[in-house]
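Worksheet: one structure, shown below.
For reference, chains read A, B, C, D and E in written order, and residue numbers begin at 1 within each chain.
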Amino acid sequence: MARRLINRHPGRMGIAYLGLLPFVILIFLYATGSALRLADNPGDKLLPGFPAIAEAIVRVAFTPDRRTGEIVLWADTAASLARLGMGLAVATALGLVVGIANGIIPYVRAGLSPLVAVVSMVPPMAVLPILFIVFGLGELSKVVLIVIGIAPFLMRDLQARAEEMPREQLIKAQTLGASSWQIVLRVVLPQMLPRLIDSVRLSLGPAWLFLISAEAIAAEGGLGYRIFLVRRYLAMDVILPYVVWITLLAIASDLLLRAVNRRLFPWLEAGRGM
Amino acid sequence: MARRLINRHPGRMGIAYLGLLPFVILIFLYATGSALRLADNPGDKLLPGFPAIAEAIVRVAFTPDRRTGEIVLWADTAASLARLGMGLAVATALGLVVGIANGIIPYVRAGLSPLVAVVSMVPPMAVLPILFIVFGLGELSKVVLIVIGIAPFLMRDLQARAEEMPREQLIKAQTLGASSWQIVLRVVLPQMLPRLIDSVRLSLGPAWLFLISAEAIAAEGGLGYRIFLVRRYLAMDVILPYVVWITLLAIASDLLLRAVNRRLFPWLEAGRGM
Amino acid sequence: MTQVTVRDVWKEYDGNVVIERVNLDVAAHSFVSIVGPSGCGKSTFLRMLLSQEIPTRGEIRVDGAPLPPEPTEERGVVFQRYSVFPHLTAAENVAFGLEVAASPLLGRLFGNRRRAVLEQCRAALDAVGLGAACDKYPAQLSGGMQQRLAIAQALIKKPKVLLLDEPFGALDPGIRVDIHKLMLKLFDETGMTVFMVTHDLREAFHLGTRLIAFDRYKTRPEEIGVYGATITFDLPLDRASAREKGEALDELQDKVAVQPA
Amino acid sequence: MTQVTVRDVWKEYDGNVVIERVNLDVAAHSFVSIVGPSGCGKSTFLRMLLSQEIPTRGEIRVDGAPLPPEPTEERGVVFQRYSVFPHLTAAENVAFGLEVAASPLLGRLFGNRRRAVLEQCRAALDAVGLGAACDKYPAQLSGGMQQRLAIAQALIKKPKVLLLDEPFGALDPGIRVDIHKLMLKLFDETGMTVFMVTHDLREAFHLGTRLIAFDRYKTRPEEIGVYGATITFDLPLDRASAREKGEALDELQDKVAVQPA
Amino acid sequence: QAAEKKDFKVAWTIYAGWMPWPYAQQAGIVKKWADKYGIAIELVQINDYVESINQYTAGKFDGVVMTNMDTLTIPAAGGVDSTVLIVGDYSNGNDGIVLKKGKSLKDIKGQKVNLVELSVSHYLLARALDSVKMSEKDVKVVNTSDADMVAAASSKDVTALATWNPQLAEILKTPARTLAYDSSKIPGEIMDLTVVNTQTLKDNPNLGKALVGAWFETMAIMSKDDAAGRAARTEMGKLSGTDLAGYDAQLKATFMFYEPKAALAHARSPELVKAMDLVRTFSFDHGLLGEGAKTKDAVGIAFPNGKILGDTKNVKMRFDDAFQQMAAEGKL
């Protein structure tokens, strides 16, 4: 008897094969499109062939710049990651503090949560000009854009999760003599940390977005800066590897955060294996 | 005996008062800053005074444009909302179909979910040039940017939620004789719809972001277009009301979706009141 | 009138033996209570009867025919939780099985046909004492009412075999009494064969016509995974004397209570 | 040795009366079992004893002193679920109450002092039969073990009053037997006063030295919200004869089982 | 009186006519001149041109590089009194209008034109349409970011566009595209300036001296076709994302005032006044002088010979020749 579709499972090899298939198709489509365009106009820059891309990769990723002696890709990556890390760190700290305070302390919630709700709806790109003017064009404004872009989300998410905590735990802690501060420090905070990391994982995409947008407007280096710079010449042979590289970095940071969560919070996974 | 901070609740009036306070402070700070700068340079455009802002509002929101005869704010709003609505509709439909298929049908999941995971990590702004060339510079590319920006998130979220469905329900449906298609149609889909709407609510922020970015790059009208156009002469008296207006629109669409959820899916709320 | 035969069934997960050498002949119209310590494989056994899992070795036959490789209408099921569809009213939950049979494409009926089916479901709900709750959503029903609903939903398809996995485990004791009465009544009326996993020995004795216990016969830590659980106890309750039952109760009491560390 | 006095206590939520005119004098070292239909306000009553809720009218006194307006160390509690902290091991869960008392700022001890406290907790866990599970996280413990842990955690603060809200409701019957024994032993050793809400009448009779039942005396739909529940039954179990207990059991059996629609 | 100021910041953006600045900074020329006058000057790169002007207008920079039109419409119209220290060049083909369909400018009628709205491209379009007796009503303008212009040009639904170099050159590399009009037809109207805040300059004349000194030293180096000149231009090309050939091509379309004397002559010429009059007319017609402006005279523009266009009580843009004079006389 034939099984229902929902009951049919591919094997291990099947999963690997099926998973790779769309990527292979995409690469094939690209190669065809590129060949067609290049046949039409050998100077076409939109869909460069793989040799051209490889050449560009060698240039940006392995050849030191004559003037500065730096390798462009690594210098850009370092600059971008520093900004991203700083922005994420600040946003995370803010999200944690405000989120927990909003979730646990009624007076703080009354005062701050409407503000956070409204601010989270403000499109950060629209206030970008204001940001630059208030915070200048240095690193600060880029970090601030990331913070403004993701901190409200983190705050609201953490608040929701703090509010979701079983009331019973807070009561229990009180009957064990804990003060508000002790409850926050020893009951709420440790349980929020893994959720915070999950929320940060969700914010990685937007964080990259804001970083790239900020770097496009004012920067002297960085992945977004480079893409923006060469966009004027439609140098897709540089843009495409950069996009792939950013995607890889995003995936890597996602995996890293996941691993951190598993490492630091054994109690989360405990019992899963039972 | 003094209560713990976490046990102290402000009254109704207290909540209203505390909630408004930060907004009042912000307005006050703005007014002060504006007055200071204007005292310095009466022509200052950065922090226009409230009369100037009011004048600008009257101009953009109530006075027909001399050249086109349209009222600028409404024309921009209509253009932007049309794009946003279209983008959201397409992304939602894609998210629903791909998310459910990935969540429920193992063969589809094996094929598509790695692709979706990777695509969701690609920064959409970086691939804009490709979008322009493939989809042209018209409305289509703006809609596509929104779709590319949020559909992968919707797909992944829906997939996760479909996978979270109690296995028992799917088994039960099978023992009641339902085919795969019937299970999707009558068991999975109806339960996913409210979650889909929740996910769309979460995507509203990013959707606005992509819309504004797309309009900033190429458009003949729209809220983002206007903001980036008047940025040319630092017309903060227009930018500020536009930002507030976009924020209000975002809040309104959020509330609307929430109301839709309550209306359409009575079974979600049923039992809450028990 | 349905017979079930289990022949030398083994089940392994990733090389770990969970169940081994299970042989069982169940007469038509039996009510088989299954007990055993937590984690010994009772649910796994039920899942194999349901074709939700396929035995690693051995064979299960219903009325002489091998089991199809996936769940079908001939075997109904009631789980401890999540058995009913939260987005459908009680009547719609019961109607589901009838609607999917009548409408392959949409899985849903309209107009008069729908009204006729809902009428039929109303009667089925009356039979389990939910006549008044036809238009309520599951979230509006108490735990006991939800399980009644799940039973009505399963029975409307007239399954040959009904599988129950701790169906009343989450209910308060007071409510169980009523639902036990209902269960016995339905069992007598339908003539189906029932398998019920339970942790409550009293329930097992009260409802079953036959009691089987699963257990590991090797329990040292290094033996887990190598040796699985099997049937260690098999008592036909309908023919057992009160004294036999009492002894069985004493013997099983400890075993069933054992919890994994 | 702690006395509890409840004087004409009412509780309303948004103008709806949930509990009315409750008067109760509880002698030192009593074990008060509380039963009643679902939703009648048993948990609400317990929450008032805990100061998690404040009575709308009336007063509660412990050893003659009015209750402080929020939960304190003198009243311990064990809920049906979520009583223990999932991110702390069993020993750390028990140590929590001692650590917050010893370290106001960080709520946490280090080095030798921590080791000494953990040693003390190990002993407390031994007393509830969890000696071997000291370093496990709650998710690694069975339901019964988690409730034992919650009890040990509450008892280490030597509360005058212990409040239990259906503490064993989620456990399998076999496991309850053991924990009942433990409960009685601890009750005898500590001399505290216990209030326990339960749905299981047998449990109420078995553990309590006194049994009280809450119930609505007006139950027509339009009367709900206007009239609340109150104590409708009060039996000192330690002095009741077997016959009295039997009668009480019969009388209560139906009431407790009543479920809201 | 303003407190003594020692540190100055000037913003620059990538454009052929402004590339001498980053080169001068890199080669130490800026530092040399700043040291000479006992001050420090930092040149800061901004990717986004409009943003750099906004920053200057908001007071975050003491100076900025921009076009004559943007000086009038952004800082000057915004009440920030600005002094044009250096007219570095005027666009002599660096800005152009490209058609994908049609051979001559007349064919633009009815088409959509992609350009950065309200920028010099827009101005160029207006002048181009004037030259063939059309007006903006005959086309439809689509605002398009300058960075994405090359990608936009590849898109099917873009048929006409106006932009500047290096994008312009990039776009013309694809066959079957016509350069229908360019800025060489309106010489001197699109000027690339180095502008500083008037008040700051008044309080710190040393800033003007150092900047002008550094500028003309750089001009001297790059204008020569020797090894040093080529090296300098190669560097400038690289800094703007191209190479020597690419940069030289762009320079060809730029009329640079390499000599202080030439710059001085231009600053004092009546052509400058005429050009500014055209520009302010366009700006006023497009509402760029602010909604408060009732006529094109709202903002006053002062010229070296004492002539003032527009409101004499509201002079906010000043062409200054004092420092160029010093450079020409070798007094710096």
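Heads up, the rule we're going with is that contacts are C-beta pairs under 8 Å (C-beta built on N, C-alpha and C of every residue); 3 or more make two chains touch, one makes a residue touch a chain.
These figures come from a predicted structure and were not determined experimentally.
Peer 1: Identify the chains adjacent to both chain D and chain E in the sense defined at the top.
Peer 2: Touching chain D and chain E alike, sorted by label: A, B.
Peer 1: Higher C-beta contact count, B-D or A-D?
Peer 2: Per the contact counts, A-D leads.
Peer 1: Among the chains, which one keeps its Cα centre farthest from the Cα centre of chain C?
Peer 2: It is E.
Peer 1: Take the average of all CA coordinates in chain B, do the same for chain C, and state the distance between these two points in whole angstrom.
Peer 2: That gives a centre separation of 47 Å.
Peer 1: In whole angstrom, how far does the Cα centroid of chain A sit from the Cα centroid of chain B?
Peer 2: 18
Peer 1: What's the distance between the Cα centroids of chain C and chain D, rounded to whole Å?
Peer 2: Averaging C-alpha atoms per chain gives centres 35 Å apart.
Peer 1: For chain A, which residues are shared contacts with two or more other chains?
Peer 2: 4, 7, 46, 129, 133, 174, 179, 216, 231, 234, 274
Peer 1: Give the residues of chain D that touch two or more other chains, as numbers and ranges in rising order.
Peer 2: Answer for chain D, listing residues that touch two or more other chains: 70, 260.
Peer 1: What residues in chain E touch two or more of the other chains?
Peer 2: 54, 58, 148, 150-151, 154
Peer 1: Quick one: which bits of chain A touch chain B in the complex? Just the residue numbers, please.
Peer 2: So the residues of chain A in touch with chain B come to 4-10, 14-15, 18-23, 46, 104-107, 110-115, 118, 120-127, 129-130, 133, 153, 170, 174, 179-180, 183, 205-206, 208-209, 212-213, 216, 224, 227, 231, 234, 236, 239, 242-243, 246-247, 250-251, 254.
Peer 1: Under the stated contact criterion, what part of chain C meets chain B in this complex?
Peer 2: Counting only chain C, the residues touching chain B are 50, 52, 70-73, 75-77, 79, 81-88, 96-97, 99-101, 104-108, 136-140, 150, 153-154, 157, 159.
Peer 1: For chain B, which residues are in contact with chain E within the complex?
Peer 2: 41-46, 55-56, 59, 128-130, 132-133, 136-138, 141, 216-220, 225, 228-229, 231-234
Peer 1: Any idea which chain C residues touch chain A in the complex?
Peer 2: 68-70, 260
Peer 1: Give every residue of chain A touching chain C within the complex, in rising order.
Peer 2: 1, 3-4, 7, 274
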